[in-house]
Amino acid sequence: MFSVIQFPGSNDDRDTRFAMKSVLGVPSELAWHKSADLPADTRAVLLPGGFSYGDYLRCGAMARFSPVMAAVRRFAEAGGPVLGICNGFQILCESGLLPGALLRNRDLHFVCEHVALRVERSAPPFTSRARVGEILHIPVKHGEGSYFADDATLARLEERGQVLLRYCENPNGSRNDIAGVANEAGNVFGMMPHPEHAVEPVVGGTDGARILGSLVDFVQGRGKAA
Amino acid sequence: MKAVVTVTLKPDVLDPQGQAIQHAARFLGYDAVRDVRQGKRFELTLEPAADREEAAALLSELAEKLLANPVIEDFRVESIES
Amino acid sequence: MTSAGDPPVDLALALEHGLTEEEWHQIVRILGREPSFPELGIFAVMWSEHCSYKSSKKHLKTLASEGEPVLHGPGENAGVVAIGDGLAVAFKIESHNHPSYIEPRQGAATGVGGILRDIFTMGARPLASLDSLRFGPLEDPKHRHLLAGVVEGIGSYGNSVGVATVGGETQFHECYRGNILVNAFNLGVVETDRIFLASAAGLDNPVIYAGAKTGRDGIHGASMASAEFDDSSEEKRPTVQVGDPFTEKCLIEACLELMQTDAVVGIQDMGAAGLTCSSFEMASNAGTGIEMDLDRVPQRAEGMTPYELLLSESQERMLLVAKAGREQEVCDIFARWDLDAAVVGRVTGDGRMRVRCHGETVVDIPVDPVAASSPELDRPTAEPPELRERQKLDLAALAPEEDLTGALEALLDSPDGGSKAWLYRQYDQLVQGNTLIGPGGDAALVRIKREDGSVTDKAVAMAVDCNPRWCVLDPYAGAVAAVAEAARNVACTGARPLALTNCLNFGNPEKPEIMWQFVEAVRGLGDAARALGTPVVSGNVSFYNETDGRPIHPTPVVGMVGLLEPWSRFAVAHFREEGRQVVLLGETREELGASAWLALRRGLEAGAPPAVDLEAEVALQRLLARGVAEGWIETAHDVSTGGLALALAECCFSDPGGTRVGAQLELADPIRPDALLFGESPGRVVAAGAHADELLAAAAEEGVPARRLGTTGGDRLCIGRAGGSTWIDVPVARLHELWARAIPRRLEAA
Amino acid sequence: MKAVVTVTLKPDVLDPQGQAIQHAARFLGYDAVRDVRQGKRFELTLEPAADREEAAALLSELAEKLLANPVIEDFRVESIES
């Protein structure tokens, strides 16, 4: 079962579930932010985009304290795959499940447009359906997507191959053009672009299905080893 | 020369951010937190001015024109240090 | 009935509240006594132009609002139009001009918040927004600031609540220097058997308040002289409301969840004049009364008076009437979303509004005279004396354009003609995953899903349009053209125009010339809507858009909605492929009156705007629907401001970042080249596809003039006289650069 | 009881807002403005605590957990007034 977490202010929860079901053919369940546990047979967790708690104070700052996030943390620590998209990425960083933080875009404007992303690693659970060096076209839509980590952290991330996606043209000022980064164990991944908005040819193209599809493969035991 | 200017929402203006923070604080068990208002704080570095008064005048002007939105915000020049 | 601290109520205070002496006497007659302070406030707000439509009512009644698919027309929070299979769309456009000028970010944000509430109040899930914006020249730093603030406000609110902003229009003109226009449009989807109305029906049913707490926001909105309050409180009474999109998002979800139950009898958002307006409207609609206790209203500030509680315009609040006994269920749903909800009163049968506070009755007035039978004026009208003179334009005396390429470049590089990507890139255009065509085309096209997430084969097209330069030179013709253009934009996607909403932005109606402009525009709106079979189902009037006696140009903005089914075939506004045949549909006449070229290159705002042939328009739109459905048309772009040359240039680029396709085109009409390239004859569309012969044959059948212009391909745009000289021959990349940079370069100059 | 907590970006974190303000200030002719950093300021109203130390401890905890993100920000409890 794929569990999509719903915080008050989540927006892309419905779109994420739509992508999983209508395009990838897998069912998902909503997990309400106030519940202390994930749905019983959770095999993967998706943290959707949006503005949890209005993104007041800092984006993701308050969602981090939701009861459900304790369950997500346990799930992640036990090795379960967790994908954070946009606001989900921000929440994972705030929670310390991913290194770094997301700052206001360099030009201070919200940006909504398709961007080109270079795949830096091809590995389950998130990028097994893509090849290294391949360019994916997926939209971004965020006001605070500028990835920041200090020099030491950044060096470590690069060295250990935790950067899975990089912008070809940096839309927000992210350090090292980072668009998506995984934890050291590789089971928690956050990305600013929205794969769920690129799963149908007429609405945004289909490159996003490569990311979500990788996760499906992994959960269904079809992910090829790195 | 260093200076600090703070900008706060006028008293009756809705502060959704402050409200949300107060909410979160309660949720975290900090029941003592009754109210939170979020404001801005600007730290400015200035060329050495002839004197503090001149600097203060400049800062007020700048705050009014640029740092604060006088329709909903108040400002205060907090400190000037050389 | 007076509370401690209330000022004495008399005629003078009534005048300060913006009421007339006659209205004061009427109030005393209705009540049989002098009103209390809160009662005076209520009358003042409810009878204000903003709430009562007193100057416009008489004229708005003439608009055609009925038609087969119309489920709810004007009078409800939004118009509702059936789109088949048990689904309907609710839509409306509303102005937030004045607040946006005072505080652009919050003004625009709360404008979006307000229109969203109008939509979900009806039970519809907001699907997509458009925004129609007008500013003064960008050379003015104030207007650069206003533009940035308004766009940020629209984006911050719309993006947060998860509703895509998929289109709009943006213009810059001297006449908006003192009064910008911010009109927000939203459309939502609702199942026809789940539509909710603002009705306080059912004796003893509970009246429930839900959403944000009430503060002292926007009490000046009631046009109150602040001196009447205690002096020190002036600072505490901001006129500007701050939007809280997070609360709105929770309110949307909670209300839609609630509406899936059958506990709700009626529901209304608290907009202008807050609690007062919403409760009066609900009672008036149901022919009932309401009894309310202000002590139960969730309050943000301390020590609020009845006057303040009744007139506050705090945002993100709803009032609803539930079935008796279902209170708890309702409150539980709001609690799940961490929203305040409280039973504040009950429905009564005596047709009176009775409000108590601290155990005392502070308001006791009959509902009807305040709401339904508010005053109606018949203001005098007079044609502006110099208008006939301004409409004269002698083409023969007008020096021909010497640099046709330069003129095209200048138009592309102008803020009106240039790309609006700087604005709409700040909007989430994608959320909800239905955007087939986002901003950048003629109309937006958005797919419809059901509430359970299942995809339908329906899509709605929507566009907002108005050309104020035409409207000032001839408000009747301008309004007709706005309807025709909006419908044509919708038709360019392949959709069939269904119905429209409108936002009438004018100056001071007490001036006969302004009132004349208004009446003419309404007449045009009505005539065009009838001719095109697109009823007027909702709208909004914004008067007093003038500063220092200088009014804005009349700006009747039309929001048109159409249906495309199935959406598997639709046309876009740019050339998709090389080697396609380009066809011009519609007739080009030798006219330059009221054109952008005339304004930009000759500094003249003069001449009669071109007349719209509504019959030809209907034929053209029928042809477009057919051509798209048959697959003959893959590109369709409306020829409007800037004329044919600008339209052709725009066809060469899809924005942002998309393809660039050039074209080699020849024009044969025997008229002067500048009129051919830059004249604005309406009813024309540039079409392209791989089946020009079929399209031309169908055009002949439908009686639409059509001619082949050439083919797409290469990286240049070449336009010339058939068998003669070349007028324009430029790299598309150069045109694109000018167009893309028109707005950013002016903002960066700062 | 009233308290103020300020949160500022760590020195090595880029502050585009501050930069934009400095830019705008220059444009308006305030050439003396060399640098601007924007931070946040929280005004909190607390239930009367037993003593200031208790309040200070509570505020530090709250700031660390909620008001500031230690990856990018520093905080300071500025003042506590009863």
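Letters A, B, C and D name the chains as they come in the text, with residue numbers starting at 1 for each one.
Please note the rule applied: a residue touches a chain if its C-beta (ideal position, glycine included) is under 8 Å from a C-beta of that chain, and two chains touch if they have at least 3 such contacts.
Just so you know, these numbers come straight off a predicted model, no measurement behind them.
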Between A-B and A-D, the pair joined by more C-beta contacts: A-D
Distance between the centres, which are taken as Cα means, of chain D and chain A, whole angstrom: 30
Computed distance of Cα centres, chain C from chain B, in Å: 36
Per-residue multi-chain contacts in chain D, two or more chains: 66-67
Multi-partner residues of chain C (at least 2 other chains): 244, 246-247, 338
Chain A, residues touching no fewer than two other chains: 53-54, 56-57, 61-62, 65
Complete list of chain pairs which touch one another: A-B, A-C, A-D, B-C, B-D
Chain B residues within the chain A interface of the complex: 16-17, 20-21, 23-24, 27-28, 38
Residue ranges of chain A in contact with chain B within the complex: 53-54, 56-57, 61-62, 65
In the complex, chain D residues that touch chain B: 6, 8, 18, 21, 24-25, 28, 30-47, 49, 58, 61-62, 65-67
Chain A residues touching chain C - in the complex, by the definition given at the top: 8-9, 11-12, 14-15, 17-19, 21-22, 49-51, 53-56, 109-114, 139, 141, 143, 194, 196-197, 200, 202-204
Chain D - residues contacting chain A, complex: 12-14, 16-17, 20, 66-67, 69, 71-72
